[in-house]
Amino acid sequence: MKILVTGFTPFGEEKTNPSQDIVSALPKSINGARIIPLIIPTVRFKSIQRICEVIEKEKPDVVISVGQAGGRFSITPELVAINRDDYAISDNEGNQPIDETISLDGPAAYFTTLPIKEMVKQIRAHHIPAECSTTAGTFVCNHVFYGISDYIYHHHLQIKNGFIHLPFSSVQALHHPHQPSLSIDEMQRGLELAISCCTRVKD
Amino acid sequence: MKILVTGFTPFGEEKTNPSQDIVSALPKSINGARIIPLIIPTVRFKSIQRICEVIEKEKPDVVISVGQAGGRFSITPELVAINRDDYAISDNEGNQPIDETISLDGPAAYFTTLPIKEMVKQIRAHHIPAECSTTAGTFVCNHVFYGISDYIYHHHLQIKNGFIHLPFSSVQALHHPHQPSLSIDEMQRGLELAISCCTRVKD
Amino acid sequence: MKILVTGFTPFGEEKTNPSQDIVSALPKSINGARIIPLIIPTVRFKSIQRICEVIEKEKPDVVISVGQAGGRFSITPELVAINRDDYAISDNEGNQPIDETISLDGPAAYFTTLPIKEMVKQIRAHHIPAECSTTAGTFVCNHVFYGISDYIYHHHLQIKNGFIHLPFSSVQALHHPHQPSLSIDEMQRGLELAISCCTRVKD
Amino acid sequence: MKILVTGFTPFGEEKTNPSQDIVSALPKSINGARIIPLIIPTVRFKSIQRICEVIEKEKPDVVISVGQAGGRFSITPELVAINRDDYAISDNEGNQPIDETISLDGPAAYFTTLPIKEMVKQIRAHHIPAECSTTAGTFVCNHVFYGISDYIYHHHLQIKNGFIHLPFSSVQALHHPHQPSLSIDEMQRGLELAISCCTRVKD
């Protein structure tokens, strides 16, 4: 079994992106499943394209994209991706689409095919805050989540896919007073627990 | 022109619901459009059914449903309704669906057909906090928003529709320390400004 | 009976200060007590000096200073003033004392002599959010509260005095997303209710 | 050099208190200073008395009391203790004083004699969120902080003392949705860094 896990480069005014740090530090295998880490640019369409190239080459069974959502209190697997790009800030190449669709002929939304409630249960069982989210926003995170869902749908692939948002890391919180944060260590363990829910071998 | 505006009865542990109070107090017409106020039960399916009965009878041009989302900071018109019922608490008749669809054969989501960005702009121009929201949750509010969107779609109606969430009112905030709130007066004016964006006659 | 009520000019990056707007709009009398409104500069020592001049001239029975504390959820009468200036930003004349005392030989703190719990009770009874606060911070608000307390103590005056903090007003909240706010109207009524608790004639 | 560090038992509806867990797990020495851990009951006066007994027996150079303040975002060394008991909930023996003094003839407040800004700087330098606080509340935490300050003052002792508040731990946050938290590991390291600021040997 192969699991492709993607993280983003930093964006906006942030100097780090915990999704990049954590995805880069994943072990080579979890519960017997091979982990393929991939860092993608925080750029419209290029991010999706990069993942699709690796999907074609590696043919993973699962794709989990991970991103940053400053202001959240916990690790939040996402329920649904929507066909909407509406960026409050520019992406890393200066694109700032307003009220645009991601796929002209795509459906309004795709639900995740990952076991997000089981993920939340497992992460919390290890005393790390987590809860399901019902919005991935309308920036590059949702863009990637929708784009990969749409690609899988149109290519009739059997890949399970979804998105997990991380809050600010502790080091980011130093510059965001009165914003919640988790430690990189907690988020690392949380993500590995979430991934382990997608493997066939149970621990 | 006719605009049907719906509000909910109180639910959960709340004794009031600002959507009920405010919808009940709407003027008979706004910008020349006739306002049809309707209070619906916070009950799965019955809420949708009640609105559909009035749609059939009154044939409104616009349907705006209004509900409560405690914890929000401002008046939040919603972007999208999703085909998911997942209730953290029971509705007012004890239903608590978990991970269920609202419409078995419906699409994953419907986007609002209301001018939500214009609404936000108008409300803020009058110094009342407002912003667009990308999730209506998975309780009866989203249920109604999705259900009416689905009804309009399947019946090929030309009705514009959408949903607006209100934060706690000041009186509710007395029992929710450290939760943001708006006054009933501000929310009343905000809702009327939002409605005025849906009338053909501009002010 | 005379009640001196002071408000501040805007400071930091704010263009308005609700304490200024509200104090300026107070009625000439409340419950038979004459209200003396006074706007003071958000400047170290000058603010205290300005109030002391008016105290000497008008000989009020009560002094209530009102200021802004962005981020608060409600109207918050303060319990205690501390002998510490430690400014995170400059005041309106560029002063930014760090870890300094306000009065070299003054005590560490003064408690308010206003009926703050009764104030909170009255404001809430009128459905406006309020709660007592145990810190006025270490900026010009606390500076004025401490300075006037110290002046009254050293001059053996019988004046009751204290401080009330206001949250962001709705118009300020437009530029502070995800910050709580109250309407100017609510804060106006709340302040008048607080003042009415200091008059001898009960309503 | 000897440093007495105290933690509290759980109180209110909480089953754990991170101050207890972390103080119990402190190393025997930090930077050459001997650490004396002490768990005190969350009970008015008994808490102070227990610390005073150990002060008399051990004659520490520094006393750092540590407690819980759910809702905070970071580790917060306290600036000031006030002479006020005003408990929103009962302590662990059912006492709930309202608007009472802690010491009948004590001053309104005592400032900490710990290097709290240096503590915050050191903790943040290790990428753990921290900031100074200007209120320790009016519950047993402030009670102990004031009581020990008063004891040291009246006995003319050369002991440095102060108080550090901890936010919810991650495991507590599981039952407090939308409340910020830090991991026990981060708080453990943060407290040790704070303690190290009080030792004469610099690292």
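Here the chain labels run A, B, C and D in written order, and each chain numbers its own residues starting at 1.
Throughout what follows, a contact is a pair of C-beta atoms (placed from the backbone, for glycine too) under 8 Å apart; a residue touches a chain by one contact, two chains touch by 3 or more.
What you see is a predicted model; the values in this text were computed from it and never measured.
> How many steps does it take, at the fewest, to get from subunit A to subunit C if each step moves to a chain that touches the one before?
Counted as steps through touching chains, the separation is 2.
> Of the pairs given as B-C, A-D or A-B, which one copies C-D, with over half of its contacts the same by residue number?
Interface equivalent to C-D: A-B.
> Please report how many Å separate the Cα centroid of subunit B from that of subunit C, as a whole number.
Here the centre of subunit C sits 39 Å away from the centre of subunit B.
> Counting in whole Å, what is the centre-to-centre distance of subunit A and subunit B, each centre being its mean C-alpha position?
From the centre of subunit A to the centre of subunit B is 30 Å.
> From the C-alpha centre of subunit B to that of subunit D, how far is it in Å?
Averaging C-alpha atoms per chain gives centres 47 Å apart.
> Enumerate the residues of subunit A that touch no fewer than two other chains.
In subunit A, residues 178 touch at least two other chains, as defined above.
> Could you tell me which shape the graph of touching chains takes: line, ring, star, complete or other?
ring
> Name, in rising order, each residue of subunit C that touches subunit D in their complex.
79-80, 82, 84, 99, 107-111, 117, 133-135, 137-138
> State the interface residues of subunit D toward subunit A in the complex, per the touch definition above.
Touch list, subunit D to subunit A: 73-74, 124, 127-129, 131, 170-171, 173-174, 177-183, 185-186.
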